[in-house]
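Okay, so subunit A shows up in both of these, paired with subunit B first and subunit C after.
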Partner chain A sequence: MQWTSGIIEQLPRDLSTIAPEIALVITILALILIDLLMRGEVSFSISFFAIIGVFISLHLLFNAFYNPAPSRTAFWGLLAVDKFTLFLKLIFLLSTFLVILLTLQSNLIYPYRVGEYYTLLLTATMAMCFLVSARNFILFYLALETLSISSYVLATYTKRDVFSTEAGLKYLIYGAAASAVMLFGISYLYGLTGTLDITAWVNVLTPVTSLTVLLALLLVFVGIAFKISAVPFHFWAPDVYQGAPTPITAYLSVASKIAGFGALFRVSLPLFTDLIIPGSKKILLMLGPYHFQFATFFWIISVITMTFGNLVALRQNNLKRLLAYSSIAHAGYILMGMTVLDAAALKAMLFYFLIYMFMNIGAFYCAIVLENKTRIGDITHYKGIVNEYPYLVVGFGVILFSLTGIPPFGGFIGKYLLFAAVVNKALSTPHAMFYFSLAIIGVLNSVISLYYYVRILKIMVLESPAKKIGVPWTPVESLLIAIFVIAIFYLFVLWTQPYVLIENVVKSIIV
Partner chain B sequence: MAGKEIAIIIVFYVTCGVVVISALIAVFARSVINAAFALFFTLCGMAGFYFLLSADFLAIVQIVVYAGGILVLLLFGILLTHRTLEELGIEKRTTYIAGTIAGLAFYLILIFIIAQGLWHQIPPKPMAPTTATIGRLLLTKYLLPFEISSVTLLAALIGSAYLVRRKEGK
Partner chain C sequence: MLYDFANIVVFLVLTGVLVFGTLLVGRLVRTQKPTPEKNTIYECGEPPFGSSWVRYNIRFYNIALVFLIFDVEVVCLFPVILVLQHFKLISRTLMLVAVGEVAFFVVVLVIALIYAWHKGALDWLRAPESPYSVEESHNPE
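Moving on to the complex of A and B:
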């Protein structure tokens, strides 16, 4: 048979490039078996096995990272193998690990079965890994759908809680609609190009077809914007973030969102013109007149998203809902990078992912601790809580100031790099006002966000406590808060270390 | 024009009519059960399009999976929880107006796109078995999505089994 020739040689090489994902799948199967075979008190041992699986996967990922293999594609061009995807996978696995730690600390999940919980969590992680490396719309859509299906169930996981059920149902309905619109857009792109290659739209971008291509891309963007909760596709986010069990909220707001951005990069990589390998001048020529249109589109989405998120967050009293709007605003900040569309912006966005992961999961960890102590999600009930839990309030303060983006916290570096990319672009293009206005709006938004972040601290520190809560503070809680605080300070003081890594990562991208 | 081509065009427009009319019935029917039965014709009509495009395997899968599987499940679901829209209290006139405007706007945009006719075209293929090609592609180029879909299905299975489980055993 002719068609089998070459497969035997190719397959082992290709399989080795997805070793971290294979480790995750084996862990998923092992968790199911362990859950079936060991009836009874298996809850904690299952979390233990899940953590081992994530670590094996991380180990394989590091192997690939420090093994200087050239960037290439695998599986007949379906999968991109470069450091860029490895970096995003690293973020997904790290945030999965942190979310497992949060789950162990949360009182919400353990009244339920945990075997299915970890199975779905790791399935979602695997799906994200494939989503960001997909170069073909079939793989892209399949990974996105796997991620969505797992997330729907995870959002509903505390099913005796009415809000969780509502969250899951809303997520499912919005998600299904967004997927349908995106599939429609993909079908248009396929109809235009005759191929499922994720960046093939560049080849058909001519003055005659531009409107059609742009509309098809807009439809694809709807599905992605749903994942990153960019306005106006954010409607699900507050309800889902509030209703879902808190560790899952952290997971959705960090890993799922970054996966959405990764997918957005994959589709729009040809737009990052200074990344394109010399020799493919053709792409530059085709993009020329449309480049600014894309930038304008992302400018509008970015400004609406951050302004809306921040303004609505001002009026929130539920902590998880407030953090939901804050995470919408952060999606807006990150989208500033999509407006700039150059290598510096990409580096800034990757750095922002790193710091955002620690800040946001840390913030939700504080929400879990407060939930465990008070059983109330309303911030007006946290009056004077500093007297009883000083470590918690100090740690939460660091995380919140970092989210605002003021020195000496890691969030400052993240925002600084993003704003620097915008301002540098403003200085080097004829559209100076276009980019300067974006930077100014971004800074104004950061100032607005300071108000609601500090308001939480003001209630906790300055107001007098109503009554003693009386739930003791545990050393594990100190330890976990310390992890987040140290990470935030590390990314401020020694930010150049991860930044050097990110520079390497950006160099390796395959268009 | 040869007689065969005319026949194909006639079949195409008849199928179009079936799909569009039954889809409209499915959307506007008062009773959910009528809507479900109308959906049956929509799904079969879609299979007809696949036949016209010489995609025999896809057409059979469409009938087996959608008409045979999903629709039967849907009907069971409706029969077990049979209620009219009025009983459910989701009969709201006001949403129709905004929905119609948004739908029409979207429809006009799509018509505009389609009418430009910029599509990548391939010559029509004669009806020939496609299963061999599909099988070959699933074991070569699309091996990875094929395998990932098994994990997807596993996750969907586990998730739905968890959600419908009534007794909360630890």
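Moving on to the complex of A and C:
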């Protein structure tokens, strides 16, 4: 009973470090009760309470950010409470807020069943917050499953729609398989290390056991790769993204994917060599011979993912399916940073998350507006839509060019930082060609992606319209599109502001 | 290291031999006198009828899920009660904190139960459709 000593003193401090999550849990419980107590049309009030909950959580998060906890772990090392975790949580909460705004605009979410919808959405957000801060495999797996199960239900939320049902079923089956494989890997790691610490695998990475450790890590990676939809674990993504209600698609493609990357960072943090202070030379010594193997592994996954995503996206006609393949390709770009495995790459990836959140949720917002106006998801039906909805097409154009990574938009900075990290690494290692080739493949992929992004705009702008749609444009739509466009320009012009924040964040996890 | 894998190989081979070997021996040794009675599906001695591919009523799953609420509650409360005795010896505050945590856990489960009750998961005979189902079936692509 040694651990009980000091528990009374420690408990309030530990609980205060998870204040944002506690706020979310209380919001979830309140939402269920409000939904039960109020009858009839509750759509607006429930969304209102959900937004308030997210804002309280954000407020507590900022509090924690500017008054950092004295210790970097809480609950006897179960949770990491550093700024790095807080930054990822910030992205989750912001994207949840944006997704709630999208939900209010979408026709797909029926007004009388929103209680469950917001409950599940916030549950998934809460699970993500725990997932990226977990330092223990049990908590890690529990958070991952909570996230997954909420996402399965959300994907099949419009249950009378056959595509949505298909999406939920496919997601469930793939997800169950991936998480079983991951659990198997975790059991190996536990057997090898004798502890559930998430980074303990470094200590057993000796020539004798390396094969087993690497195999176990590969199995754990399967579960994570499923979340980030990296090829070859991407098969669920196109169907689920197409079938799920569009706000949920935006949520899965942004928040869930970034949560997957957050989990990947937690497991692979010892690989980022310049985040380890000289004092712990032991880790470097152990990783030494294997470091390049990890880089090669991520090189292969990254190249396959981005090339596959971009090539298949060329042939897509359904807008949501196209954006699904585009988001697979973006996972590939972000994985380039995992090949480099240094602090610069980590910063680049974190910045990419920030801009990717605005770009991708913005793109799905445009998809929602188009869905509401035309009731069709096929881009060949959007001919000449610019005549009726000029703001939409201009805003969508900005978002799509930003997704490509063309200069006056924020996506350029995200890609620039990633490529700069790769090229810098190439200049400073003996494996120059290894990294240069990755950069070249990445640039070529960006060129390919330009084609299918611009093709949407070409159909919308240059082709003559078939007939008038006649659904009026509303000021709320202008406002929401303006939010995304302004965010994208802001991140291009004033990108140093968030970047300074990110530098601060990465500094906080140097071990 | 590699020698350790030999154990696994031997184990795999033995597994195969045991499974397929017994089946093979059974095939060689047993008598085969099939009758129509023997060839029917075993259904606890009853003569089988109908297709076995019937749909189970979805309500069974509902009830099972509601049952889980109580089941998980009990399973999770047992260890806490055992630890509480130790806590009581150490300090009273500690015990009260633990009781508070357990109370919160129970409150969450009670909310889940209220939810299930309110949504009609406990009614075996349920009103067939919600008044909104017409709106719901009218679904844009």
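Just so we're on the same page, the second predicted complex is superposed on the first by the 499 of 511 C-alpha atoms of A that agree within 3 Å, B and C clash if a C-alpha of one lies under 4 Å from a C-alpha of the other, contacts with A are read in each partner's own complex, and residues count from 1 in each chain.
One rule holds for everything that comes next: contacts are C-beta pairs under 8 Å (C-beta built on N, C-alpha and C of every residue); 3 or more make two chains touch, one makes a residue touch a chain.
Because the structure is a prediction, the values reported are computed rather than measured.
Q: Should A:142 be classified as contacting the first partner (subunit B), the second (subunit C), both, or neither?
A: In the superposition, A:142 touches subunit B alone.
Q: Name the contact category of A:443: first (subunit B only), second (subunit C only), both, or neither.
A: After superposing on A, A:443 lies clear of both subunit B and subunit C.
Q: Looking at A:32 after the superposition, I want to know if it touches subunit B, subunit C, both of them or none. Which is it: first, second, both, neither?
A: In the superposition, A:32 contacts both subunit B and subunit C.
Q: Look at A:7 in the shared chain and tell me whether it touches subunit B only, subunit C only, both, or neither; answer first, second, both or neither.
A: Both partners, subunit B and subunit C.
Q: With both structures fitted on chain A, tell me whether subunit B or subunit C touches more of subunit A's residues.
A: Comparing touch counts on subunit A for subunit B and subunit C gives B.
Q: Considering only the touch criterion stated at the top, classify A:208 as touching first (subunit B), second (subunit C), both, or neither.
A: Both partners.
Q: Examine A:376 and indicate which partner it touches, taking first as subunit B and second as subunit C; both and neither are also allowed.
A: second
Q: Shared contact residues on subunit A for subunit B and subunit C?
A: 7, 32, 112-113, 160, 208-209
Q: Going by the contact rule at the top, pick out the subunit B residues touching subunit A in the complex.
A: 109, 113, 116, 118-120, 122, 136, 140-145, 148-149, 151-152, 154-156, 158-163, 168-170
Q: Could you list, by residue number, the parts of subunit A that touch subunit B in their complex?
A: Its residues touching subunit B are 3, 7, 18, 25, 28, 32, 40-41, 43, 75-76, 78-79, 111-113, 116, 119-120, 123-124, 126-127, 130, 136, 138-139, 142-143, 145-146, 149-150, 152-153, 156-157, 159-160, 188, 191-194, 204, 208-209, 211-212, 215-216.
Q: Would you mind writing out the residues of subunit A in touch with subunit C in their complex?
A: Touch list, subunit A to subunit C: 1, 4, 7-8, 11, 29, 32-33, 36, 107-108, 110, 112-113, 158, 160-161, 208-209, 371, 375-377.
Q: Once bound in the complex, which stretches of subunit C touch subunit A?
A: Subunit C reaches subunit A through residues 1, 86-87, 90-91, 93-94, 97, 107-108, 111, 114-115, 118, 132, 135-137, 139-141.
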